[in-house]
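A, B, C and D are the chain letters, set down in written order, and residue numbers restart from 1 in every chain.
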Amino acid sequence: MQIIIDEIASNMMQLQDKGNVASYIPELAKIDANQFAISVALPNGEIFNAGCFKTLFSIQSISKVFTLTLALDKLGETLWSRVGREPSGDPFNSIVQLEHEHGKPRNPFINAGAIAVADAIMQGHKSSKMLAEILHFVRFLADDQSIGIDENVARCEAHSGARNISLAYFMASFGQFENPVPDVLNTYFSHCSIAMNTEQLAKAGLFLANNGKNPNTGFPIVSSQRAKRINALMLTCGHYDGSGEFAFRVGLPGKSGVGGGILAIAPGKASIAVWSPGLDTIGNSKLGTYALELFAAETGWSVFGD
Amino acid sequence: MQIIIDEIASNMMQLQDKGNVASYIPELAKIDANQFAISVALPNGEIFNAGCFKTLFSIQSISKVFTLTLALDKLGETLWSRVGREPSGDPFNSIVQLEHEHGKPRNPFINAGAIAVADAIMQGHKSSKMLAEILHFVRFLADDQSIGIDENVARCEAHSGARNISLAYFMASFGQFENPVPDVLNTYFSHCSIAMNTEQLAKAGLFLANNGKNPNTGFPIVSSQRAKRINALMLTCGHYDGSGEFAFRVGLPGKSGVGGGILAIAPGKASIAVWSPGLDTIGNSKLGTYALELFAAETGWSVFGD
Amino acid sequence: MQIIIDEIASNMMQLQDKGNVASYIPELAKIDANQFAISVALPNGEIFNAGCFKTLFSIQSISKVFTLTLALDKLGETLWSRVGREPSGDPFNSIVQLEHEHGKPRNPFINAGAIAVADAIMQGHKSSKMLAEILHFVRFLADDQSIGIDENVARCEAHSGARNISLAYFMASFGQFENPVPDVLNTYFSHCSIAMNTEQLAKAGLFLANNGKNPNTGFPIVSSQRAKRINALMLTCGHYDGSGEFAFRVGLPGKSGVGGGILAIAPGKASIAVWSPGLDTIGNSKLGTYALELFAAETGWSVFGD
Amino acid sequence: MQIIIDEIASNMMQLQDKGNVASYIPELAKIDANQFAISVALPNGEIFNAGCFKTLFSIQSISKVFTLTLALDKLGETLWSRVGREPSGDPFNSIVQLEHEHGKPRNPFINAGAIAVADAIMQGHKSSKMLAEILHFVRFLADDQSIGIDENVARCEAHSGARNISLAYFMASFGQFENPVPDVLNTYFSHCSIAMNTEQLAKAGLFLANNGKNPNTGFPIVSSQRAKRINALMLTCGHYDGSGEFAFRVGLPGKSGVGGGILAIAPGKASIAVWSPGLDTIGNSKLGTYALELFAAETGWSVFGD
């Protein structure tokens, strides 16, 4: 395993076309595209790392996996009255589908869906309290109390998040929101600004590769059925309008973030986190996707066959 | 296994709400909704059946799995210049996406995509010759020379297929077609009218559960990588705008047809065919989906975890 | 003329189906649907009234005619880089078109377009100053210093205007806005809350029937060409997705508001204001439209023939 | 008048950017863009011509004005159950709106709408008989028995009309058609291939400027109300997604064709036909539009003021 990921990391550093770093906020735009990290966490506690796996990055939309897990814990299957379970066929920040479907977002992994999830979990609490709860959960999953928010990113998000503000008010115009829109947006912008490294992220996602159980304690974090369902959503909807492509090329459930990270799950085998900040045109990490494609080919890990 | 499927078949017969039989052509509309069949084919050659597994039905869109396999064999990865690999977020017969994306269909499993695949595999041949080739392939896969076309259904399709004719001419208006539109439509309407029973269908799909290899001979029908990719497409796009839901509930790659059949693949384990002609509002077999959900829960077979 | 409008007013009061009062804000929802007023102002200074022509109502989107006039005065034809001149083919508050056309609204009379116009005229000023300027202009046009804002309506608009807030942030996400979004929205919500009666409104619109000239002084308010162009926009875009219907039935340029008012222009002949708060399904005054249809038939006034 | 149009014709010949000739069929693509003609027909029988006003061109979509008139004569206002009266906000050959509105086209002047009108007027007759009737009507209007079809264009249309075939079958898939689709398309392709010169066209449209009356006989061809309504539809929908622009710049009802012709109506004053085969990006004659803009400015003729 270590040999495989060392070679992948080495290959990645030699590629010229690393994609383009997200430019919509200055804090992300100034990041050096010339970085790559990969971490593989196994249910038995082993972890393999290569590249700059100690470098923190903004996990952005990968945080939606954790807020979805929290939301399912709090609301159970009633959550699905607020958000759908289908791929959108549209870009991550599209509003067209919202108008056609009366304010109900297609899935919890597009921006509108994650904002709806943020509203659903708040239940009248302030965004500061909510953020503390989310952070507590992520720290618990990663078994690492040092995880926190990148305040600069959070501030920037709030300042440059006109599209997300628009999505939130659009849903609110259908009477879909239980909490004040600015509070919901605060929660959303904050949890997108959680900073982690690949090692922390791989560990935080490991329960999804372990039938929902905490690999340290063996106790369930979610039921086996729920773990499978979250994996299913990651596979069909985890890469926006590139989800079909990711399933085709990599063959594993995954969730990407505009910060350049991807969390991929090989059920029963491992949780894999990669990071490289350059993005493809759809907004997914270019090298990260390619590294996972090589990784899946080398290990033979795929949910679609050996 | 036999006990599991017998019980499922028994449960299905007791359900009241069986969905509605497809009504767009008389040959399908007159079918009794009160039927159910399931067949499970294992790589070792064993096959388990329950319900009316000898009854022939129109496989309709399930045939798209076989034409896609043929097209990849003939054209290799260049096929993807003609058709995409993403879920559509639209109904199976939508034309909106085609206009927005300049005549290129989103994936090979929506109607427009399968018509484009039909054009791609014809390569100047007549539709009668093409149909013979498709039938030859399906008979070989199922190891059953008795498989044929339901001529009444084929005739009806051609008469009531205004939407599909419209889709074909729409793509042709972008200069996408290599063969005359009526010939392409003939091929498409014919292969959708192949009649099979669940036993034949489960056997025909078994190579996809067996890393691409013919279970009888051990020789590859497609490469292991290609089998995985076809499975990936079935998972993300195989149930039209209900693909996310099927992945969420069943957790296996699958392809449905408006005749009420579904072919599902448990990679490395089995090929499962179900049939029940009543459909849900999206056009997928209502009892068939439910039966597969029970089957996946009972066996624990899911690509997303144990 | 007086006989014609008296008879129309009388007919209107006898109709049972008066449409439904706008319900999105309480201040509008509580208005009695059983009201009707009509005023006809001639270039020679004559004015004819019938019904409750002294009752104030919220002019809502009719104010967009006045802000467009101001914007053309301030920016000239460069305004058209910010907003288009085509009918939208969508409801008044649709956001779909904005996404397809990269944040540029189709015309100045749909909500998004009027919000863009509000931004264009502010030029760094505060919304309070801007509103004062708009009010000053409307009072000058109507020659009536008593015209003001309905503060209750303005407050309600701001509280229940989630869709409009969404539209504004959506445009801002394309970098289209020169002023802070909340200030622009304040200006927009305020000018929509101007309260007038039909007599004041008919007088305020008279310059558009008088080749752009102030009927009292003979001095131009806008050039003859600009008056024609504003009339053209009212005809093609003034009734949202019911503009074609209004042109077909009434045959005069007009602009409706969700408060139940309509301003119609018979070029060279008269400015006509009607008010009845019940709306049709598209959001235009039901009786108001019908009254104008009768009025046009009786007078033979139509831009499309005698 | 003669001086005005001579000067316009002279100006037009000096312009460099004449737009691009329609290229979708060879018969149109080979036409020299360097041509311009204008004819102005007055109700008193006078006619003024400039440029190559004797050159025949394919009137294409301008024929939709005549088939609409025929359809209203045959079906009366029940025609509006088949086709709407609103601008579409989409290109002339868009199919998106048809899907969103269940196969009912937005207006009779987009391609789908005119095909629906062709179906409505056929009433079981063959396309050859139908075409004879349309030609008879146009010859009567223009008082010129020499008007006919350009058979080469008609043949080309049928061969390269994949998009229109698609539109027709799409509508037929909603059960909207009373006649066989190929017959309806024959009628449509044929009437679009009528060849006229500007003098004939101006005379054929004169009844719309004359309150519906035949200028030679004084007898009504349509009622005054119907003439006004056809003019209203030309103004709001006559230039596809450039209708708002044409109303803004020219201020007269008009209908354009992809052959480069435009018929414009100054109610009570004149019928004006222009021709120049180069098109703008929307598909309307570039010089033709510009010439009408100059003509309207010179004469002061506008439906929106003096």
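Here is the rule we use: a contact is a pair of C-beta atoms (placed from the backbone, for glycine too) under 8 Å apart; a residue touches a chain by one contact, two chains touch by 3 or more.
The UniProt protein names, listed by chain, are A, B, C, D = Glutaminase.
Just so we're clear, the structure is a prediction, and the values are computed from it rather than from any experiment.
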Next item on the list: Check every other chain and keep only those touching both chain A and chain B; list them.
Entry: none
Next item on the list: Identify the chains in contact with chain A as well as chain D, in label order.
Entry: B, C
Next item on the list: List the centre-to-centre spacing of chain B and chain D in whole Å, with centres computed as mean CA coordinates.
Entry: 47
Next item on the list: Report the inter-chain centroid distance for chain B and chain C in whole angstrom, where each centroid is the mean of the CA atoms.
Entry: 55
Note to self: Averaging over Cα atoms per chain, report the distance between chain C and chain D in Å.
What the structure shows: 32
Next item on the list: Chain pairs that touch, all of them, please.
Entry: A-B, A-C, B-D, C-D
Check: Where on chain A is chain C touching in the complex?
Finding: 94-96, 98-100, 162-163, 165-170, 172-173, 181
Item checked: Interface residues, chain B side, partner chain A - complex -> 84-90, 97, 106-107, 208-209, 211-212, 224-225, 227-229, 231-233, 235-237, 241-245, 247-248, 251, 253, 267-268, 297, 302-306
